[in-house]
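Each structure below appears as structure tokens.
Note that chain A is present in both complexes that follow, paired respectively with chain B and with chain C.
Up next is the complex of A and B:
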């Protein structure tokens, strides 16, 4: 069963519980300078008409259907998990060339200086395969972040899903 | 039963074969390769030399045999194509055989440029493009006999070869004919910073140096004589001055070409049934609207997919062709998005520098022309996508998430305003 991350910015307060969940799940050591895969943003942005928008956003890899990072990787580290549809990786042969970061419009792949390899959110692939929620989703108290089966997502036609953002950014192939 | 030919089996050829096979299980797919090794990425050669990657790692799709089996191909190894009869879609091989096809893909890639300058064939003078080039250099470095090296060409490959030598503690000099490094991509101010960084890391850099010829010395060293009158002596000399598309065999084919094969957004050439993809083509650059040869792995893969899909009866377009250069070497990141040569004194410039980040960008009215950034690696894709969107939909605002991302990652508000063309 394939899954889709759904984010509702109206329910997000940028409390960063999702970030803590990500850090905990992936054993990040903040003191080493290693950053979690998920990030939250809280910014006031001036819009084109001069009004202001208060943005509360939680973001990580969007697990694009046609993920450009996969094609960009010269050593084939990235792939789609056929079961979950998440963009996963095996960085054994990663050369740290940062081509995946260059391809990603969301800034999801990140260079890890300690071993010179790229890392990214894998959707908590193993958790989801085991029937659990991704750590960030589990940590979200407000229901702003969800991970739903693709069929459910398509049936709901949610206008707030991450994949709507992907469409807005023109990332689907013609 | 449809019969396809793929001439040249690198990234573009592999992706096209994969796409054709996914749409047409019965098709006969003949692959013509001038080597006996699997598709590989020329960019990986320097990583193999440095030891970041095992030899097998250069072949992300496996060996020719594995590709043949996986995609049910007929691979003709070490079978260079010498001519294409474009009107009749006929492939002519060096051994005299001829074969007609329903569809042909030309994906022959590019080769290291080796101009007819005296001395370039001397032992110890090398180029870096093929897996064989990489094996040879790795062995020479491993021998411990190289104490000094000269790299001619501050190109994307040249700088990686410099990195290989520095990592191996070989005293290295980098020379280039242009007045500053990365001349086709960098503003002068960006290049000056890159040069200073390289010099701090022990690399001697000399610019405005055009090669006249190379001579071998009695003690086994080589001397490069420059048109300026300067000379540079080293144990080995790398010539990394660019690439040339592998299209010589198409001279009388009737296929339209500039420096590369001209294609439309569906990767079709001017002749029906003949497609081209990868480093040998000139596809439309979305910034200038003109055909441009932009040879990067990502483009090759996507172009191969697009060609394969269209060859097999589908419809797909390649529309992301823009000049993007990424140099990552010796713990230094430089990216250029857009065409620096399109920038002039009449344009508006933005410049910013702090301890981690350097940005220089150029625009004219609503049109962003070029962005240089040093030290921005994780955000490169975000900025590149904003750049593309300003070309595709000039009236659109930058999406909120991208603005948040840049602000949170230390990009100044003034830069975002510049990108928003406010």
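Up next is the complex of A and C:
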């Protein structure tokens, strides 16, 4: 079964439980200087009338259907897991060229200083295969971050969900 | 990688991976919560933590802090062994000693102070968390001292007392049956994550939400139909103004008022002094928004109100502000009514669970009563209503030795950073104590001042009794062995009771026997509870609380009614100037002389909750610290422009008594003139800015959330 991450900014408070859940799952060490796979943002955006809009956002790899990082990798580290649809990787052959990060519109892949290789969110692929939720989704108390079967996502009208995030990030061509 | 290796890396529980899921609870934040956790354990070590789906309280959910439980448990600064001070107090030089040696030293030193000065010269103090408190409380009394004190002297108890002297008890919002939710200081997401679902459900069924706060929050953004962005410290005036609107417009439930309340005429006269224009000026709110909020709350009932434990009562006018808000509940007939606020007394350690335990008896039936507790002379209402020290007087009593000297402190989790003028307190402790013993999990700032330090273990390394909403009780089991040589707080206390040969067979019989004594009659024993990994439904528990019982049987006040005019306060010596009515006065009234006003024009509000922090407990948890690495104050963008401050600038925050250096973050979520600063940092302890006498005269609570300060940019050299 393929899965889709769904983020609803109207339920998010940038509490960062998702980030901590990810850190726990991936044994994140802040002292390493590396960045976690997931990040939250609290942006106060000035509106035309001078007031401010508070945007609460959680972001990581979007597991794009047509993921540009896969094509960008010169040594074929990245691929789609045929079962879950997540963008997964095996960085054994990674040369640390950062092409994947540059190709990603979200800058999701991270360069890990300790071994000079790229790493990224794999959607907690093994957890999902074992019937568990991705760590970030499991940690979200408010239903802002979810991981739903593709059919369910499509049935619910896929126009919403991820696109809202893209709007929030101002990525849509005006 | 093989499939099995992949599963091990991904921490998938199972026999093949050797990863076992064991259950416990997270005790990082307030005991009002303490969510159930699944600890993934491999080779005796926790490798992952998540919320327990089957847990009747949190249903699998965990907050930001709880999600970091593993990182909290394995903090590098965990205390490892008992340690005896070898350097100067505060220097942090210790030598390791054995538990037996430590116990002998404690017995000897406490015994000596008792012999020389009397048992009351030993104060038994507690910080977070609270699970061991019944044992420590009883220990203190059996030892012979009246001076048991906790963080209740600055947290929640002010609200509890205000409720008691007004309505005889507190009452929680009945969200499930309300049409309107008055979210006074309600933020939810960062301090009470499980409460958000209740607001979501209310909104989904067409309910209305009013949020009153000094800052915009996710709650005000996501749920407020009306958001009242109020001037800090003026909530009491708003509540009285709303009272006037409700009375004048005929929205009050006069049948309820006549039948169930006392002192309405005096209360009405008080409200009359707060016409809309005046309230608008004080609160900084538009007249229309105040009117709309009062109307919605009073006419779209049933309406329930959020009463936060500390947001309001951390102003020196906060006790009365809370009373004034509670009064609105009676005025509109929402107190003890379905969909309003329904009393639900705590069963055990602040948790309501629909049955009674003998916790209070266990704590208090050995009270020696040989002197008045610390703070009693200055805060008579506190002394009359609460059976702990008001430790905001500890510093003065240490320094002056009056009314009697405090010569030893035996503390569990004591955190000097909780006290205003922290550095002065630590100095006074260094200079005046004969003995200071501290039990803690971590090598804290306060631990460096102790003569003897004992290592405690965390919630996942021990067993503990815990009640939960819904009529549940549990006794947890350790999921890992105590780290290093650490021990459970209650085992330390019961060991000491035996070694010191205290006159109490109960304490000497150990924690589990004490628990059995407290829960006797509920139909379950500790042995029964231990058979389950999950909380067990208590046979005699009645849940949910049924509204209307107090209306039927009478309020637990002297008049048997809801008291707009508090007879319990009227009983206090008038020379203390405590008003039986919830009068409003300025939250900076002791700092409003022209000179102080000019030199310290900003309103400092400390400790407004952020998701990753609770007091100082998580500042040294690396994952949580990484979310905001630097101590940071939040400054309104307009103020910042005026002062030439930019995001990330280093600034100095200062008051007449102290200064700290922090980073600056611009925000438009607070009004100009307000500065927010999170408390609890060693290197930037904002409580050093708060003078020891900036206290609410009713409760003794410090004005943590309402204090004059100033800010200046620190130029890089």
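Assume the second predicted complex is superposed on the first by the 154 of 174 C-alpha atoms of A that agree within 3 Å, B and C clash if a C-alpha of one lies under 4 Å from a C-alpha of the other, contacts with A are read in each partner's own complex, and residues count from 1 in each chain.
FYI, contacts are C-beta pairs under 8 Å (C-beta built on N, C-alpha and C of every residue); 3 or more make two chains touch, one makes a residue touch a chain.
Quick caveat, the model's predicted, so the values are computed rather than measured.
Peer 1: Give one word, clash or fit, describing how chain B and chain C relate on chain A after superposing.
Peer 2: Once both complexes are aligned on chain A, chain B and chain C fit side by side.
Peer 1: Just to be sure I read the superposition right, which of the two partners does A:141 touch: chain B = first, chain C = second, or both, or neither?
Peer 2: Only chain C; A:141 stays clear of chain B.
Peer 1: Going by the contact rule set out at the top, does A:132 touch chain B (first), chain C (second), both, or neither?
Peer 2: So A:132 only meets chain C here.
Peer 1: Touching A:15, do we find chain B (first), chain C (second), both, or neither?
Peer 2: second
Peer 1: Mind working out whether A:114 is in touch with chain B, chain C, both or neither, as first, second, both or neither?
Peer 2: Neither: A:114 stays clear of chain B and chain C.
Peer 1: Would you sort A:30 into first (chain B), second (chain C), both or neither based on which partner it touches?
Peer 2: second
Peer 1: Taking C-alpha centres, what angle do chain B and chain C open up at chain A, rounded to the nearest 10 degrees?
Peer 2: 140
Peer 1: Is A:57 touching anything from chain B or chain C once the two structures are fitted on A? First, second, both or neither.
Peer 2: First partner only, chain B.
Peer 1: Minimum CA distance, chain B versus chain C, superposed model, integer angstrom?
Peer 2: 10
Peer 1: What part of chain B is in contact with chain A in the complex they form?
Peer 2: Answer in residue numbers: 15, 41, 43-44, 47, 52-54, 57, 60-61, 297-298, 301-302, 305, 315-317, 319, 324, 326, 328, 333, 335, 377-382, 384-385, 389, 392, 397, 399-405, 407-409, 420.
Peer 1: Could you pull out which chain A residues touch chain B in their complex?
Peer 2: 39, 41, 43, 45, 47-48, 53, 55, 57, 59, 68, 71-76, 93, 95-99, 101-107, 109-111, 116, 165, 168-170, 173-174
Peer 1: Give every residue of chain C touching chain A within the complex, in rising order.
Peer 2: Spelled out, the residues of chain C in touch with chain A are 6-7, 9-12, 48-51, 60-64, 67-68, 70-71, 189-190, 193-194, 196, 216-219, 221-222, 611-612, 622-627, 667-669.
Peer 1: Which chain A residues qualify as touching chain C in the complex?
Peer 2: 10-17, 19-21, 23-25, 28-31, 36, 44, 51-52, 54, 56, 124-127, 130, 132, 135, 138-139, 141-142
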